[in-house]
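Think of it as A, B, C and D in the order they're written, each chain with its own count starting at 1.
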Amino acid sequence: MQMALKDVQSLPPLRKFKLTRVGVRNMKKLIYIHRKGRVIPLIATISAYVDLPSTQKGVHMSRNIEVVNEIINLMPTEKFSGLEDVMEYIARKLLERHEYAKTACARAWSYYFREETTPRGRVTVEYYKILAKAVVHRENGMKKMIGVQVVGSSACPCAMETTKEILNLDKKRVGITHNQRNIVTVLMEVPEGYDVDADDLIDIVNSSFSAPTYEYLKRDDEGALVVRMHENPMFVEDIVREILGRILERYSNLPDETMVIVRSESLESIHKHNAYAERIATLGELRS
Amino acid sequence: MQMALKDVQSLPPLRKFKLTRVGVRNMKKLIYIHRKGRVIPLIATISAYVDLPSTQKGVHMSRNIEVVNEIINLMPTEKFSGLEDVMEYIARKLLERHEYAKTACARAWSYYFREETTPRGRVTVEYYKILAKAVVHRENGMKKMIGVQVVGSSACPCAMETTKEILNLDKKRVGITHNQRNIVTVLMEVPEGYDVDADDLIDIVNSSFSAPTYEYLKRDDEGALVVRMHENPMFVEDIVREILGRILERYSNLPDETMVIVRSESLESIHKHNAYAERIATLGELRS
Amino acid sequence: MQMALKDVQSLPPLRKFKLTRVGVRNMKKLIYIHRKGRVIPLIATISAYVDLPSTQKGVHMSRNIEVVNEIINLMPTEKFSGLEDVMEYIARKLLERHEYAKTACARAWSYYFREETTPRGRVTVEYYKILAKAVVHRENGMKKMIGVQVVGSSACPCAMETTKEILNLDKKRVGITHNQRNIVTVLMEVPEGYDVDADDLIDIVNSSFSAPTYEYLKRDDEGALVVRMHENPMFVEDIVREILGRILERYSNLPDETMVIVRSESLESIHKHNAYAERIATLGELRS
Amino acid sequence: MQMALKDVQSLPPLRKFKLTRVGVRNMKKLIYIHRKGRVIPLIATISAYVDLPSTQKGVHMSRNIEVVNEIINLMPTEKFSGLEDVMEYIARKLLERHEYAKTACARAWSYYFREETTPRGRVTVEYYKILAKAVVHRENGMKKMIGVQVVGSSACPCAMETTKEILNLDKKRVGITHNQRNIVTVLMEVPEGYDVDADDLIDIVNSSFSAPTYEYLKRDDEGALVVRMHENPMFVEDIVREILGRILERYSNLPDETMVIVRSESLESIHKHNAYAERIATLGELRS
């Protein structure tokens, strides 16, 4: 059947406002990343948007899905080494297909698995979330972010002081305190010409908790981890600052304008609510 | 307009299977409970179902909503003292309205607030989830359940032994261990002629954690709570058993057939996964 | 017991970075709003933050909870008429209690119920989400936002054209199309000295869908609603623009700097993903 | 360090109740399935439990994780062809490791991707959820289930009749109606010696909606899909029955005791709540 269909999207809208973002949310796609000699499958939840001028009724949304599908088909040959590169590629293609758009944005998250070694040297596979985002402007450049979400633990330094007092314990030794699951999110801009490795961000975060978490722990591991957690009591504030400090050390080469977001949320074991700390800043602001 | 509409629901179905449950899910309603001299607002998420014979295409679903609405309108005069009574009323009305149904089921959950006293005597308002369910059979009676979900804490008894060994601590004193948020769910049948009070279930659960949780804690409260948590190290298994024991003591009058479900889930501070224990049994099985 | 406890929070931190936001998340509180002669119970999920200077290790988080509790105790006498006013009050008190903070932020959401009339004149109680936020700066003023989240429906104008073609239907009559649940979020700044009523925002949104949704519909209501939906086919883009237009009309008195956010998300009936449109702008930008 | 640690788990409990299920929840693991010549990566969320006798304080939970890890290490050589086979293997190993347990249970879900063809012949990759469960009893055998969750659409047959009346349309042609996203879950027992293929279940479900959903649709596909949806108006009840009928036809060889669960939930476009239908039955009950 040959249909001469009216292009409804291209009609003028009744109300002439431009729109900041229009697109699709929560596509799920199996993609492959080629990284350090490994091929890594990611089940990514992807969103893809463009802006819309005030003169046009709608975005041609199927093009967003088309672009994502084409990139997945490219994957055997075009070897992407990071989720943020896939997002950049999608955002650039979105601008090509939506000739009326000035900005395109693609974002995604996925679980990500890698081997770790427990305190007593056992091998375990741990999972993380990888976050990625790219915004491409037709006229003034591109911004790309890579991020991670990591589950660790925090032990409260304040309650530890209190219980030492209550129980009349040696002030120089570790004391009992409440500890809990802590969820850290780090998002970092990747300036053009630089590389930020999600694995490095995971390492930084894992080193900045009171202790990291592991799926697999035998008893000596568990003991060592609990001791470590109590030797490093940390508020959510401390965790965020520790990560900021390590980011400054690791990325001393990155320019001052590079944006960083660090969040720590503790699922408090003594409360029904969560404790939370956050810093949003450029590397320049952190350096001064 | 007067329409002579075909009753589509009453048509014979193409495939003649009866259905176990048909209805509406996730209605949200503001309801009022009259209890111990207080009027308590609940924002309830309600589901309401009936079974459907093999001879009829569909359930008249708007009747389910009608029934729920009517009950809410009744609330100023018909004083319900518990969410499970509201569910029973709804289920009975559903059977009246759906003359073809043999079974009706209504269930709901809501947040519920009440005052508690912290370890050092401060007043705090804590929240809980109330769960309720009623199943009414046209021929053989009714079953009703009331339940609660409570957020507390658990401290691991196993890691405490390990760290005493590692740190060479006095075995008779409390040692450091991992502790974490623990979520307990209790569901209990309410046999006809008996009463089970959600407040009692909350008290039982709050007494069965390593320690309860509070929204509001000053420093001496926090210290006392952490000490209590470490003086009562408990596995998820221990928490479930402690609750089962206290239920047997509190409800010695209830008949043997009374069904009980107790679940404890720990958001492990040293793992990314949760620890879980559950018992489903009749009081008779627990008593033997 | 009289304890001379070290104030751990007031210590200097190891890593001297200031923090953007530190506080508590996901407190749940039963609060009462006095509005148009009604007393409305809200079960609010509240977060409360302050910023933290680089010289101090931690925020005294229990003060955040203290502040929230005090406000709830005030409610019988201090009659708040909106959730955003409660948030402003909390944020102001947070700044008083945290003498080291320069900024305080409080935000909350709650379900909210009100009566509506169906297309055929039946009374039904519908639920909405109310969103509120206040940010108070010690030196330069306060910003307050009120918002709503509303569940409606959208019918696709593009597929309607296609099916008219395929089925060779009269172009001037409504045609079949895919329609679906659509979730709209509106957030609007409330400049000092002005009032923005959440009920008005709900009215605006309900008028801007292809059709609103109702919990309770008898058959003639349902028919009328489906016809209305098909007489008003709308993309997510159209819904956002319709709301923007109605906001401009309703709030012609508000200053140009007033910030507005409008989002529409369609749970596409023919796709597994969602369609999405958003505009973030000041009233001034929308007016030009 | 050589530690002579007390086996805390093996101690007698204070309260001597046996427990129905004890274990770990929400492990996330990357696993590989070998199926029809393809190697399929699944990111599985896994839970693993055993029962616990009344004489023992706790389960040795790290063994559950050990078992899961070992199976993942086996995957290159031991080629599992279905998620339910992985679950059976885990459950059998759990019973070996927990010598005190009488029952072991493993369950998991994962997203799963496969190619589909749109109404107009385009290739698209669609995602589904795969569900699997195995329960192994030390004395009396094993039960295994495979399931799928599929997102499709439903068009209401009742509102279609009403609008034909209101709009005075030709009764023999399709009319306008509300349609919406519909989520179907099917769980089916896999008796020993038989095979139930998740791909077949997906095919059955995709054929039983008013229309299936696709991520990628160009305009002629979209039109064809909307027409198909309106030519097949279905209640949630109809969808469940259609699936039951097709299961009976496809699995005529399976024994009468085989358990089947079918659920359909519609995210109603005209309501804020969902419509729901469910059948739980054996094939024998369905056949009679």
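Everything below uses one rule, namely that a residue touches a chain if its C-beta (ideal position, glycine included) is under 8 Å from a C-beta of that chain, and two chains touch if they have at least 3 such contacts.
Worth saying up front: this structure is predicted, and the values here are computed from it rather than measured.
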Remark   = When each step joins two chains that touch, the fewest steps from chain A to chain C total 1
Note = Between B-D and A-D, more contacting C-beta pairs sit at B-D
Task = Could you tell me the distance, in whole angstrom, between the mean C-alpha positions of chain C and chain D?
result = 35
Remark   = Cα centre of chain B to Cα centre of chain D, whole Å, reads 26
Query = Using the average of all C-alpha atoms in each chain as its centre, how far is it in Å between chain A and chain D?
reply = 30
Request  = Spell out, as numbers or ranges, the residues of chain C touching 2 or more other chains.
outcome  = 1, 3, 5, 27-28, 65, 127, 158, 162, 165-166, 215, 217, 219-220, 271-273
Request  = Name the shape of the chain contact graph, picking from line, ring, star, complete and other.
outcome  = complete
Message = Please output the residues of chain B touching chain C within their complex, sorted ascending.
response = 1, 3, 5, 27-30, 41, 43, 62, 65-66, 69, 72, 111, 113, 124-125, 127, 215-220, 223
Ask   = For chain D, which residues count as touching chain C in their complex?
value = 126-127, 151, 153, 158-159, 162-163, 165-167, 173-181, 211, 213-215, 217, 219-220, 222-227, 229-230, 267-273
Inquiry  = Give the list of chain D residues in touch with chain B in this complex.
reply    = 1, 3, 5-6, 8-9, 13-28, 47, 49, 52, 57-59, 61, 65, 157-158, 161-162, 165-166, 235-238, 240-242, 244-245, 265, 271-281, 286
